[in-house]
């Protein structure tokens, strides 16, 4: 154990949680400086609630990225799910739960296709999911020729829009937040499980994994399925939060990936934590809010966002030369 | 750090409200979180005045058929285009990439169906919102022996050369929605326009909200001319009335983002007393944001999309819906046939631009239609309505 | 060594280097004279590779000076070292499979004509160099990916030569070479000596060290504990310097007849792209050695048995029952374990912890939450049992020495209590100390009733460890030898001077 | 196999060209049956124009991808370049050369920044270039309300509309640039080093290759190609268009073209010739669907499928070669 400490140090330096926590803290300080009551329970609750979808997506993306792949199709999947839900429900209150089940099935199916094409046909996931992106967007527009049909019922939307009212101390807890916490703890358990660890091994060195009896294709496919499920949950929350629209999922895939990387998940696989990914997403959301509060011009937002992301990732992706 | 720097810089830049006289583009003009910011570089005072004048001009033409009406028309001769039918009419479309264009195009197709006897073929090419593709498309269509060419340009400046080329081919060219920087087309059809839209909405919000209240302006995208005009007109109205515009934000037409922005502003300023929108797409989301925050919904404007109209009616909002009517998609077909018959047509063909108010709201709310349908489609009398639009 | 020694080509003075507070090199002095082959020996983790990387500019020393050709130098990059005339042949191959031999050899210093890469020159020069070391048969424009490990090693050496280096560093150059290829290397080194080129030679094979080197520096825990003239040093002395103990019964005793159990594994007429007509029986308790030249099918045999490159024809039985070893997973389920020759590429997950690496197979093949605690406990025991030296089970495995990495890999398999173990070069690139530890372990496993198949290109190991030896040639089993066979027997079969003619 | 061949040409699989010929043949058949003409002059011309725009970007993209990197900022670089060019020219032929010079300088600078972020700041290229893209997006959104500037008439007539038979100047420009890029990869040290870095950065480093210098150069070249594409589009549109790059999806399309051309997304393998094939393939599909007046969204679905399928085929081949 003579050299244990320095190695811990290295561990925390490379792909650890420390950088993202620091960044998040800084942003929160800036935020509260401008908006003291931001951390007050009600506003915090609603903030966490509305951030739930992107955090879920980041968690889903973690599994894919850590297994050495990439999922560019989640954004389009979210849009597709919202539009599908709207058309199937079409304002009919009773349709809610069956449709949720159906959406989950669809999300899993998309994940399966992504996974099998990537792992069995050996198509780089960048291409697979890029193709899936084109297919989903095209298909959903085609299906609803150009404008979403029907509409979501209030019952369906409640999940994303309302919450447990007047909880002592906290006031209102959005259902979204509850769902998020449930999903998050599930994800955490999963990463600690045999599957979770072997998945990291798959991302770290597929050959070794294969020769140790891991069914690499299966692990990767599972990862994509998880991402699909996460996207579905996100879609249900987003649809609930803001209703049906073709914009529902636009750009979310980049958001999720950026979040994961921001949280210390290494693109290319084998390194990172799901908590980091989710913190990364939270950081991004905080950043947007920050910019609203500081009144950064709408048009200039991307610039500021880009600058901060670059800075943050540069800081977070700092690693010791390993060899 | 960066945020601070940028925002302060913007506040500094933001205080001036005088319009730059030159159209010097390039140097970024700053929008801002406080005040209405600089006037858009694309603001043209003359057009602005013209449109506001048109707002209270009585249209000429068959009553109840605004798509055939015109505002103080100046007729042009078209004898030289006279041809025997039936005709092959070609349409180079900027794109179908949003509900407004979807509804519009369906309306146009329906209009064509009403003339089946006289229109033997209707060729439609979709440029997918790509300038370079539309240029190629137009060039392509010129080889297809069309009797008339209808163009809905993707952008004004970049499509001008292609349209000029088309004119030189000698076939009648009809431009609608966006214009081009040439008057070679036989006629240019569009409603009053963005300045009118923005002005009406701004006036309404100003009058309805409590004196000295805070207004949040929500815009879809920066850098789209038709939307820029709406904002610049609103800006003038607000500045004139000395309204405190606390924020001008871009929503990308994404309801989720809209709710987040409105939510943040409510939190930041305690309350918002008026909401102005440059398009109806996310009006519903904005209203919801107030409901979810447990605040009364302030005076707000939307557009003639049904989801907003329904919301307005159900929630009894103080609202108004200026329109950029989709019935203008009928007119080019009508115009084309007139021209090929050698009848006179107005040029420019300015269509009336009705506004939906509390008084006439009920005429337009049709629960049967999909949420993103545009009520001002003037399509109720067209073949297989409403099926085609559902 | 009489008369005035020529001034040193390379002189290291008090070299020190630490990583994250870990002292890897400590005050190392070392001198290489022109035309001198200077061996550097020591257990893994003794700092040999680090020292080499300091000399070749991959690392910069924290303390001390590097003097090259009489002038103090600080190489900030391998490029600078190469330009100064220091070539290095790395332990793990540093070639691009997608590129041709010539492109690899000249990478970084492509010959130019009028500012453009002169491909003709590249090819001809490469051909020349290959010929000069008796490998003229190797076409310079084949993709390296198509070559076997040994041939790649040759390319690796040619690559270093192409820099017309004055000092050549060879880190385990023979790790991948079969013995007859080693002879070629010898010849090559002598030729280099004649040209006055100095050689820093790192190896675990004492035989080579004594055959080749003029002087020997022994590293231990980052210090140069001794520098000896090879002429007046004995193997035992050297080993004592290295590990601080006598080299008593280097190999464990072979199995006694009564220790041999039932037949565990049979293959009848097994074949695939690389193997033909394989018939073999493997009994519990025995260590079956597999010899042969590189590319003779030794590794292919192990990989076939493990389902990594399965048999396409023939029948395999395990404990009498026919099995289809279509994938590693299937093989593992049948109780087979496999330790690859390519540890870095196929053995470990570099960025995962020791524990995760050790648990990998168990998790993959017998997942589920049930008994997870027990499994982890078992693996901890095993890690202790193999005397793993690491900072802790959370340490990333990439920071361990080769020997310790191999121990973790072993623990991974032992956790599954396999009945058949396949070792491919189990001690490749591993130091004397860890080596004998692993040899003992292999033998112990056999005693405990496992059937062991061990591929080795190191004849002493092969002869010392095996109860039986089969020798491969051209994808066939060229012949079988009993325990106590001589190196000559093996080589004879391997090169085909005896035994049934390979079709 | 002769040395010359083995060193470069062999890397570009003919597969994509087979696919191209088949596509054109089948397309021609369907279009003819449909009563249209696929190879009519205007159609062919516009096909080659589409190819020219995308091609210029894709050739640059090939260089970074071969080097194991990626550039997702090209779409914005293209837009920016059209503006820089058109505004500097301001319709004056005299300003032609300075304008083009300035445009290239600007884009080169952006490429340089990309390169630095990827190499020295060690930010994953995906994130780095997306970030830079955001920076540019902000500038464009904020600064432009639509087309601006006026391209020099000479350029419009020349590069924009001049053609030799059915072949536009722009397409010749593409061929020239592609040839240059091929030459660079095959015959210069930089090229060899780039491929090495893409294949295995560590190996390259140990062989004395200055990896970061090489990658930065590659990024600069990539951005330069995007800049050229911008100049071409400016000549085509007669003005600068702040959205033309993103509307054209030049970022994802260029990557699609590159992989269609058989270049490995992981780097180290591939070439420009294949990319040109990929570009022509995409352009042909466009032209065919255009003639058939196929619904845009349907077209998108088909595209997605084709991209995935094509890459799957390459993977199959690669696997067979490996075993």
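As written, the chain order gives the labels A, B, C and D, with residue 1 at the start of each chain.
In this text, a contact is a pair of C-beta atoms (placed from the backbone, for glycine too) under 8 Å apart; a residue touches a chain by one contact, two chains touch by 3 or more.
Which protein is which chain? UniProt says A = Autoinducer 2 import system permease protein LsrD; B = ABC transporter substrate-binding protein; C = Sugar ABC transporter ATP-binding protein; D = ABC transporter permease.
None of these values were measured; they are calculated from a predicted model.
Visitor: Return the chains shared as contacts by subunit B and subunit C, ordered by label.
Guide: A, D
Visitor: Between A-B and C-D, name the chain pair that shares the greater number of C-beta pairs in contact.
Guide: Contact tally favours A-B.
Visitor: Find the chain most remote from subunit D, comparing centres computed as mean CA coordinates.
Guide: Of all chains, C has its centre farthest from that of subunit D.
Visitor: At what distance in angstrom does the C-alpha mean of subunit B lie from that of subunit A?
Guide: A distance of 35 Å separates the two centres.
Visitor: Taking the mean of the C-alpha atoms as each chain's centre, how many Å separate subunit A from subunit C?
Guide: The separation of the two C-alpha centroids amounts to 44 Å.
Visitor: Distance from the CA centroid of subunit A to that of subunit D, rounded to the nearest Å?
Guide: Using C-alpha averages as centres, the distance is 31 Å.
Visitor: Would you give the residues of subunit A that are in contact with at least 2 other chains, written as numbers and ranges?
Guide: Residues 146, 297, 299-301, 303-304, 307 of subunit A each touch two or more of the other chains.
Visitor: Tell me, which residues of subunit C touch at least two other chains?
Guide: none
Visitor: Identify all positions of subunit D at which a residue touches two or more other chains, and write them in rising order.
Guide: 139, 141-142, 202
Visitor: State which pairs of chains touch, listing all of them.
Guide: Chains touch in the following pairs: A-B, A-C, A-D, B-D, C-D.
Visitor: Which residues of subunit D touch subunit C once you look at their complex with the stated criterion?
Guide: It comes out as residues 1, 3-4, 6-7, 186-189, 191-193, 195-196, 199-200, 202-210, 268-269, 323.
Visitor: Could you pull out which subunit C residues touch subunit A in their complex?
Guide: Listed in rising order, the residues of subunit C that touch subunit A are 20-22, 306, 308, 328-329, 332-333, 338, 340, 345-352, 356-357, 359-361, 363-365, 367-369, 372, 391-392, 394-396, 398-399, 412.
Visitor: Note which residues of subunit A are touching subunit B in the complex, please.
Guide: 30, 35, 37-38, 43, 46, 50, 53, 145-151, 161, 238, 241-245, 247-248, 250, 288-301, 303-304, 307-308, 311
Visitor: Using the touch definition from the top, list the residues of subunit D that touch subunit B in their complex.
Guide: It is residues 40-43, 45-46, 49-50, 53, 83, 87, 139-149, 156, 233, 236-239, 241-244, 247-248, 290, 293, 296 of subunit D that touch subunit B.
Visitor: What residues on subunit B touch subunit D, complex-wise?
Guide: 25-31, 40-42, 96, 123-126, 128-133, 135-137, 139-140, 142-143, 155-158, 160-161, 221-225, 228, 250
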